[in-house]
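By letter and in written order, the chains are A, B and C; residue numbering begins at 1 in each of them.
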Amino acid sequence: MTLVKEAPARPAGKRPAAPAAGRRGRRRENLAGYLFMSPWIAGFLLLTAGPMIASLYYAFTSYNLFTPPQWIGLDNFTTMFQDPRWQKSVEVTLKYVVVATPLKLLLALGVALLLAQKRRGQGLYRAAFYMPSLIGASVSVGFVWRALFSDDAVVDRTQKIFGLDVGGWIGNPDYVIYALVALSIWQFGAPMVIFLAGLKQVPQELYEAAEVDGAGPLRRFWNITLPMISPVLFFNVLLESIHAFQVFGSAYVVSDTRCGPADATLVYTCYLYQKGFKEAQMGFASAMAWTLVVAVALVTAVLFWSQKKWVHYEEAAK
Amino acid sequence: MTSATSPALPTASERRRSGSIAWHVGALAVLAVVLYPVIWVVGASFKPSKDIIASLDLLPAKPVWANFSGLADGISGISVGSFFWNSLMYAVLAVAGVVLSSSLTAYAFAKIRFAGRNLLFTLMIGTLLLPYHVLLIPQYVLFRNLELTDTLVPLVAGKFLATEAFFVFLMVQFMRGLPRELDEAAKLDGCGHLRTYWSIVLPLSRPAIITSAIFTFINAWNDFMGPLIYLNTPEKYTVSLGLMMFRDQEGVSNYGSMIAMSLVALVPVIAFFMAFQRHLIDGMATSGLKG
Amino acid sequence: MQQGGNVERRTILKAAGASLAVVGLGATATACGGDSGSGDGTVTIRYAWWGGEPRTIAIKKTIALFEKKFPKIKVKPEFTDYEAFWEKFQTQASGGNPPDVFQNAVGFLRKYDKRGVLLDLKTQADAGNLSLDNFRNGVLANGQVDGKQIAVPVGANTMALVIDLKAFEKAGVEPKFGWTWDEYFDALQKIQDKQKIAGDTGYFSIMYLYDLYLRQNGKAFFTDTDLGFTEADLTQWWEDGYKRVRSGLVADPKKVEQVKPKSALSAGLAASEFTWDNFSIRYEGEGESDYGLAPIPTTDGKDTGQYLGSLMLSGFSGTKHPKEVAQFIDFMVHDPEVGEIMGYDRGILATTEQYEAFKPADDNNKGVAAYEEEVAGAGVLGKITPHPSGADVIEAAFLRIGGEVAQGKTKPADAAKALFSEAKAAFAG
């Protein structure tokens, strides 16, 4: 690293003067800034803001790609809210989010607590638990999952030992969604790693002081650990929920592309895909997309607002 | 403590040892369940097609190579190698795009005081929370109008334009942690921002860049929806689409080859992971800590 | 040629602006734009089809043959599975850029004719580039809409009943031509009693089979513009079907779902399955038993309601090379060597030249040929009407909603209502 030069000595107490101070300097800074930002700005306008506006427009049109979009006002939305398959997709997605996210985070936190203790091989376990997060979204794992949850395969036979016979998961509309939930939970490694990082940052003195005061492990967890990791918990809850709303690949592959049986795995994105790309109803699909944005924004807003109630940010300098 | 034949309470070290055993048993149990699917697919790829679901043994009694030799035949006249090549192209381009554009953007956020910086930063963070669905269809229409469907362009264009806010964020966090004296010294020596970026900040940001590169590679490798929407000709298919081709619905089931191909498709990701897991995990961890 | 309109184009291009240069940054592969003229006069045409691996391998051989006989024409193949094919086709066509020549089916004729996508091959025939003679059993009509020849059949197929020969034998039941639905279900009952397997895999979700049943009763699934039956009809059909699922006469839908993409018949879950006759070849390789074709059950003891459907080849109305497209189709449809290579993969060969050139060697293909002979000979073949636009969406809906009835998730009456409302939306689309 020969390029890094030694910082020249400075008179104590005096802040280094900004180079070329004044309006010209600021203008140069702005120019430099925007030059560096130009790819991002181009990307934002061309691939984010532009499409957002376009899809908002499409949502009020009937657009099948062959003919120009035709304005139909709120028709897409009224049709959508009354569409039984749309309602089903909302139901399926909500079920998935509400069941998978808490379970996944609970498992992640639990295992993180386990791994936070200094044990032999801890690094190896951490890596091994993390790996599913990297491959979970792949088509390969989708195929494997479908096989594992088939009738007479390992999951089915294991539960039969415990006396629970659901007659196979993949073909059963009542249970197949839980196979997807299991796939989500299997990928607990990513939030777990974040929890681990948060746990490491809790100052040991707090625990020691509490122990001296006679607090048991449960008390210590509730009064020290939880509040101290609440920012990290918030981060995980936010991200995991938002991702869960957008699930597609696993539902598509595990259900053999039909998002069934009987629409049991018709997650929101799958229905959007069917409407937009199979039936070429781009207007309807755009209406669905914006409804999702609003829903996610609401959830995000609620989560952010609730921060005040339960997220404890450390004021002390790190 | 005077020793009796059987102490009333376990000693501290005994407590630790039994706790340790319990811990290891618990951890191993979780590990077994977590790794089962991976081990299963390895074993299954060596079983004959009809036994894959039927037999419960993890590893086959008599391993067969038929599934893998079936892969050598390709599918419908397209070699499996071409899927891997296409995925590799996609992944490499994605990495190049992300590293370049994200680092440029991150440098601006971290090191340049320009007007509107905070607003743009907030906007960028906002895109992290934005569901991609609202972008999907108009982007498709855009690329179709530009006649760029069935190419890799729609898949990698965004990577070159810093649309991956997560990695920008990662790098910004990292760059903010670099001591300010370094770039100020550079400025005094007459380096403009470009020089500072290229010669000082970028090399120092290597850990963040490597993390971003690896994640980008893996995400591109696994990407399914993008290729599904944009790629039409089977010769251009990536591995994720190629895998779907094995689900033959009108002919004899290629089930065994499908499973073998699934395994082969996972190998690069797992290999990357094992080589770079430190970077990945540390990168994930820092992203969660509020900057 | 209708395209995405001006308004949207302007909006998009405004946003694109100078970023076109940036987009060029990452481009590697060039768009395949059907760009095809080169200095020495060779022409390249894009040919797309759907199907499994055997079909793809065979078609590639025929393409090589074609290119040898027509050295000035290069063919660029694009192939995928059925669903992906139509998704891609739709989006390509909407952008004004579909393949020059492509496989087609009766359900899509009106849909794309409405949008002006299909080339009228009559003009090419009149110009002498394509012969419309020698089609067997009148299948040429399958590709005609409003007097235009917008598709040319490559094969003829009809719905068939594939049975597990061993299962039928063991139960001592034998299908016979003209047997009624009652006789058919009685036979299945005997098999179920004797061997504890279901009789059928889910007949009531197959639109084309219901079509036959309707035709036997003087109706049809589609009219030129609408559905050809009532909600009450469908409710009855699905109620009967669901009853049979409950009694086990029709295989457990959960199990059928799980073995996908393998067929439930090959998996031994049932003794019979309704499907297109040219699909019957797959069972032999997939399943453990012996399989054969049986006659479709009738209502009146005689009329099966069958007609010959076809896979066809169509051209793109806006192709830059209509003459070459016509020559290609002519070759694929008439050349005897092509017939030998393709066999009955896309149905019984549609032209006499190809039909006579291909002598089926194995039992399966022989069986399929014999089956169609029998059906044609019995004089029961009806005419097929080109389905109204939206038929493909309705077929998928029928399959899905029928599946929901089978799973007990929707009551037959509600299901029929749902189908009708989805059909209404599909026709409008």
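Just so we're on the same page, a residue touches a chain if its C-beta (ideal position, glycine included) is under 8 Å from a C-beta of that chain, and two chains touch if they have at least 3 such contacts.
Chain-to-protein mapping (UniProt): A = Sugar ABC transporter permease; B = Carbohydrate ABC transporter permease.
All values derive from a computational prediction rather than experimental measurement.
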item: Steps in the shortest chain-to-chain touch route ending at subunit B and beginning at subunit A; value: 1
item: Longest centre-to-centre distance from subunit B, chain (CA-based); value: C
item: Dominant chain pairing [most C-beta pairs in contact]; value: A-B
item: Inter-centroid spacing, subunit B versus subunit A (mean Cα positions, whole Å); value: 15
item: Distance between chain centroids, defined by C-alpha means - subunit A, subunit C (Å); value: 41
item: Where subunit C touches two or more other chains, by residue; value: 4, 8, 12, 15-16, 19, 22, 91, 94-95, 261
item: Touching two or more other chains - residues of subunit B; value: 138, 141-142, 157, 160-161, 247
item: Contacts with 2+ other chains: residues of subunit A; value: 39, 42, 46, 50, 54, 65, 150, 256-257, 277
item: Residues of subunit B defined as touching subunit A within the complex; value: 20, 23-24, 26-27, 30-31, 34-38, 40-41, 44, 52-54, 56, 100-101, 104-105, 107-108, 112-115, 117, 120, 123-124, 127, 129-139, 141-142, 157-158, 160-163, 168, 181-182, 184-189, 192-194, 197, 199-200, 203-204, 218, 221-222, 224-225, 229, 239-240, 243-244, 247, 258-259, 261-263, 265-266, 269-270, 273, 277, 280-281, 284-290
item: Residue numbers on subunit B that touch subunit C, as the complex places them; value: 75-77, 89, 93, 97, 138, 140-142, 144-153, 156-157, 159-161, 232-234, 236, 245, 247-255
item: Subunit B-touching residues of subunit A, taken from the complex the two chains share; value: 1, 3-8, 16, 19, 26, 29-30, 32-34, 36-37, 39-44, 46-48, 50-52, 54-56, 58, 65, 111, 114-115, 117, 119, 121, 125-132, 134-135, 137-141, 143-145, 147-148, 150, 152-154, 157, 186, 189-190, 193-194, 196-198, 201, 231-232, 235-236, 238, 242, 245-246, 248-249, 252-253, 256-257, 269, 272-273, 276-277, 282, 285-286, 288-290, 292-293, 296-297, 300, 313
item: Residues of subunit A touching subunit C in the complex; value: 39, 42, 45-46, 50, 54, 57, 64-69, 84, 150-151, 167-168, 170-173, 256-258, 260-263, 277-281
item: Residue ranges of subunit C in contact with subunit B within the complex; value: 4, 8-9, 12-13, 15-16, 19-20, 22-23, 25-33, 51-57, 60, 78-82, 88, 91-92, 94-95, 97, 261-262, 279, 282, 285-286
